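In the two assemblies presented below, chain A is common to both, partnered first by chain B and then by chain C.
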Partner chain A sequence: MELDGFFTPENSDEVIELLAQFGDEALVLGGGTFIHSLAVRGLLARVRLIDLRNLALVGIESASAGVRLGARTRCAALARGPSEDGRWLGAVHDAARHLPLQVRNAATVGGCVAAASPFFDLPVAFMALDGVVGARGSNGIREIDIEALYLGLFENSLQQTEFIVSVTLPRMPAGSASAFVKFASNANDLAIVSAAARVTVDASGRCTDARVVIGGGVANRPWRSRAAEGVLQGATLGTDTLEAAGDAAASDVEPLSDHRASGRYRKAVAGVLVRRALTAALARVP
Partner chain B sequence: MKQIVNIEVNGDVHEVAAEPRDSLLEVLRDHLGLVGPKRGCDGGGCGCCTVLLDGRAVYSCMVYVLSAEGSAVTTVEGLAEDGQLNPLQSAFVEAGAVQCGYCTPGMIMTATELLADGEDLDDDEIRHGIAGNLCRCTGYQKIVDAVQNVARNR
Partner chain C sequence: MTESAVIGKSALRDDAYEKVAGGQGYPVNVKYPGMLHAKILRSHHPHARVVRIDAARAERLPGVKAVLLPKDAPQKAYSPVYFVPTLAASMVQDMLVLSERVRYVGQPLAAVAATTPAIAEAALELIEVDYEELPVVFDPELAMRDDAPQIHDGVPNNIAAHPKFEFGDLEQGFAEADYIFEGTYETQRVHTCYMEPRVCVVDVDSRGRVTVESSMQHLFGLREKLAFVLDIPESRVRVVKPPYIGGGFGGKLDLGYIEPIAALLSMKTGRPVRIEQSRYEDFISSARHPIKVYLKTGVTKDGIFTARYGKSILDTGAHATHGAEVINVHGFFGFLLTYPCQNQTWEGYTVYTNNMVGGGFRGYGAPQGAFAVESQIDEICEKIGMDPIEFRLKNSRAEGDPHPFNPEFTLSSYRFEECLRRGAAQFGWVNREDRTRTENTKKRGVGLACQPMWVSGCLGFPDIYEHSGAIVKLNRDGTADLAVATIDLGSGQNTTLRQIAAEELGISVEAVHITQSADTETVPFDAPSHASRVTYSAGNAVKGAAEAAKERLLEVAGTMLEADPQDLEVREGRVSVKGSPSGGISVGAVVERAESPFVQMTAVGPQPTTVAEKGTIIGVSSMAPASNPSPATAQFVEVEVDTETGEVVILRAVFAHDLGKLINPMGAQGQVEGGFQQGMGYALMERLQFDPENGACLTPDFLDYKMPTAVEMPRRIESIFIESNEPTGPFGAKSLAEPCVIVPAPAIANAVFDAIGVRIRQLPITPEKVLAALGKLEAN
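So, the complex of A and B:
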């Protein structure tokens, strides 16, 4: 990598100017863990790093409408919980805890989303919670549904002069809970398959809303399985239904084959993990 | 083009001229002569470069040093007091948690963060906490024992 310049802009307008000036060579730096992992593999050509450290984008703001995560919030800040009234956020806490301590302490919310990697854990959880990405550009902040942020492998839908300032998770109704599970070769590796599930259950035990998202190379981006959600919607969530949702999710994906696992293997694991994520989410429903 | 970065390392403030691509690890080892942090995988997978950056364990190989401007870094060299090993370092020696020694500085820095908040730790929490540090000699049990000895006896 030819790293040709390191910039520490003082405000959003300066960030946008630098993004406009350097075009494809500009990379916004959060914690640097993803950028470093590309650089050591020789996957970056000429790069100018734009470090956001002077911008006040750190913090978790909880309001009645939901929780807003500043883009520079370290993933470590999400690893504790969920609190008693935050069970709907369970998937986020689960996913943050899967990162090794040293990565959790460096990696940022904005960076892990902007990377557009299907192998990362937190975006899978964010997608299960209908996360909305705030992208700052020259015309102010544009809100992007996180599912629409992902175009393909390492490819996001940000415009050249936009950068991520926040991820907002809308508060889920009473009776909601979520969970994230991951299957990897070891505690420090990327996911072979991961799954996040969120359910909302009414007083009679019927599922009124559900999200099922699968990560880790079952597609070129985190994959929302509407087929699995269709099985859950309106159903009573017994063992048979969860099993059927897992089967539907597995049928719904055409996974990648790589050095970590074959596509066929991932497909089988996806069904199991969806069932486990749903079981874990259900166990958290108050 | 080199830029100037100011970092505090083990209590001393250093002004270093660094290239944008230089990692914190390179500056610690090659500019400041602190060879406690080791270069293992150089890719955020083995943990032997672990240092504390403003009190939090990070892979120093993955931190661009220019992004650490104004930060305080602690390496394993900063733990001993008046030439005496600190309690965690002593516990590693006593438990036989060191064999080849290559992972030890990183292990100790990660464990330093785990022990920092003073809460009780069970063995699972210790194992989960050091998951980002590889050891190919000890089988981890003696490392867990060493950290647990400090957690119990403080």
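So, the complex of A and C:
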């Protein structure tokens, strides 16, 4: 990597100016863990880094409408939880705990979303919670459903002069809970397969809403399995239903094969992880 | 023998703080004024002839001081292995520093020295190379075919070495067997994953003298090999001893490409040249060889071996290097000597391929053998219904038996049975059926594996150096300086040697200091830090030097105390008449006296002392050890297998080892735990992977090369140390270092079988292989 400039703009407008000025060579720096991993593998040529350190963008704000995470919030800040009334956020806390210790304290919420990697943990959880990404551009803040942010591998739908300032997770109704599980080779690994599940259950035990998202090498972006959600919607969530949802999710993906795992292995494990994520989420429903 | 004052008590490493504070002593931190930085251009092709190489543009890049091409490098074939004479008949001299024929992806082709690493790197891009591609072969069994591409001229079927050993009558043995077992066991290519990269600084001065600093495991081996390659007298090369290195594990037992390249660039530029390898470059510089082992074994229904046949195919990659010797250690200590049998045949093939070259790695061929042999014993016991401990004991040797490798020696200390019995007792082997075996979709299993026979150094091995030396010098403050060529790889060799010197001298371990500077000009030869040899072999030499120093100390003390030196002893830093510790004088006072001026001014005028007392109190040794005693090892593990994901978790590990005498308990435990981590990684996840089409490395860093972290390690690793008191060892010690790496893989494989009833004969036992074995993956 050839570092051709390092900037610490004082406010959002300066960030946007720099993005406009440098175009494709500009990279927004959050925690730097992803950029570092690209650089050491020789995947970055000439770059200009725009470090957001002087912008506030840090903190977890909880309101009745939901939880807003500043883009520069360290992933480690999400590792504790869920609290008693925050069970719907369970998947986020689970995912944050899966980040390697060496990464967790540096990586940021905005960075891990902007990287558009299906192998990262937090975005899979955010997608299960219908997360909304706040992108600041010259016309103010644009809200993007996180599913729409992901175009492909390492490819997001941000415009040239936009950068992420927040991720908002709308508060889920009573009877909601979520969980995230991950399968990897060791504690410093990217997901081979991961899964996040969120369920809302009514007083009679019927599932009124569900999200199932699979990460890792099952698709070129975190994959929301509507087939699995269809199995859950309106059903009573017994063992058979969870099993069926797992099977539906596995049938729903065409994972990649590489030196880390074959596609057929990822497919088999995807079904297992979806069932386990659902089981864990269900166990959290108050 | 009186009770030990130092031996057997945990001693702190005196370099621990320095290391956590950045480790100034690591070779990676060595800097020379005005030094240049070099980078190496490596082949993108697995097999090719260079038809044109043009560095004109690279030479013009500002900051570039020299470019080295094949035409600039000596075309003198060598074997890089440190611990043998360079032209040893048992090795293969098939390497060149830079060659116009490349045989694997990553082979060095050219190098650039520049004022910064970035400029050197940029200059590599400017070197133009045209290749004529040649046919490739990556599978050693395909490479052995008559129609395979020829990797080295004059080596039919690409077989670099083919040892074969026959004992007894194999056919007769199979005829006597009640059961015959056949199996094929395969192991993968793994790296030692030392933390400090291979790195060196080489300075050729105006007199043509070459000074080398490098992260390596053998001071004198580097001198010998580098002098050979540069075609200069050995005495012109001075290798500086690092205070310690950042790990080796056998991966730094050969001359790298970096040292001769840096030397040649230093000759060209007249400036010191530094080369530091990246993790990728390290990964393709050295590895444990993959070996495919075919076993055919006859046993009686009572569990006695009647015939053992083994054939081993070792993938040595583009050059023979260690592969020529690993195959023999594998054959003997991985197969032939492990369990006695009248009728045995083993043959090995070291085969060239277009893969990366192999190297040394703890166990040196034995892990591949143990995985095969110890897995098959488990299969045999399952079939004939015999407890695996009883089976092994029926086929084992006992203390006092002749040493099977070298009949001049006996197994003077050897407690294999005790390893099995005590390990089993602590593990709860007898009651193993009472455990929880299944919890939901997880299944638990237990397994054991042994390394019945191993080494304490290389005495008796053809062509391998095995001698050591030491200098012990006493100071006037009662301390001792210990100068040795032995390199501390990080496993605490310095501390062990300090303890041995301290015990012999009767002073505290804190009072023994390993000299801060040493080099090939100032210390006696030592063989490398390898082959589980330092405690036993270098330890004996240190003890010898300390004995010599002590003898002189007691002579001087004798004149001071007016006593016969024979009647004196040293304890806790004081010399006194045996049995009267209250009298006497401090060690420091004796040294003071020895080093004082002959005539001393006193109140009554100048007074002469005694000439015979004068001089530094110093002891020197250089010697080969008396024997090559075998330790013995048994490993027990409990695993939990997730039958839905195939993941294997190690719950518990118990390790029992006859090491003769425990010198440093904390150091020994650390070595066992580190060994288990490497063995467990080998068993479950580690593997260097390459593109099957073009040979490119797919696992160039720790994102894709996976080893166990602290999180994956079992919560309990228990070490049982059995002290058999080896008569030829320093204070009874023999060896510990390698068996703890050799045995985990078969123990884990056996435990996985116990858990799920399916045997996996190919390492690593990945989750995917487990699920496939359970029939839970869709057909391809």
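Here is the rule we use: the second predicted complex is superposed on the first by the 286 of 286 C-alpha atoms of A that agree within 3 Å, B and C clash if a C-alpha of one lies under 4 Å from a C-alpha of the other, contacts with A are read in each partner's own complex, and residues count from 1 in each chain.
The rule is simple: a contact is a pair of C-beta atoms (placed from the backbone, for glycine too) under 8 Å apart; a residue touches a chain by one contact, two chains touch by 3 or more.
Source: prediction; values computed, not measured.
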item	value
Which superposed partner A:269 touches (first chain B, second chain C, both, neither)	second
Chain B versus chain C as contact partner of A:249, first or second or both or neither	neither
Which superposed partner A:188 touches (first chain B, second chain C, both, neither)	both
Which superposed partner A:261 touches (first chain B, second chain C, both, neither)	second
Partner chain in contact with A:105 - chain B first, chain C second, else both or neither	first
First (chain B), second (chain C), both or neither touched by A:212	neither
Superposition-derived comparison: chain B or chain C, residues of chain A touched	B
Which of chain B and chain C A:37 touches, first, second, both or neither	both
Chain B versus chain C as contact partner of A:172, first or second or both or neither	neither
Touched partner set for A:69, first chain B, second chain C, both or neither	neither
Footprint overlap on chain A, comparing chain B with chain C	37, 40-41, 187-188
Residue ranges of chain B touching chain A (in the complex, touch as defined)	1, 3, 19-21, 23, 42-45, 47, 50, 53, 56-59, 61-64, 66-67, 69, 110, 113-114, 128-132, 134
Complex interface listing, chain A residues touching chain C	37, 40-41, 183, 185-190, 259-262, 264-265, 267-269, 272-273
Complex interface listing, chain C residues touching chain A	644-647, 685, 689, 698-704, 706-712, 767-768, 771-772, 776-778, 780
Touching residues on chain A, where the partner in the complex is chain B	1, 3-6, 8, 29, 31-33, 36-37, 39-41, 49, 51, 53, 74, 76, 97, 100-103, 105-106, 187-188
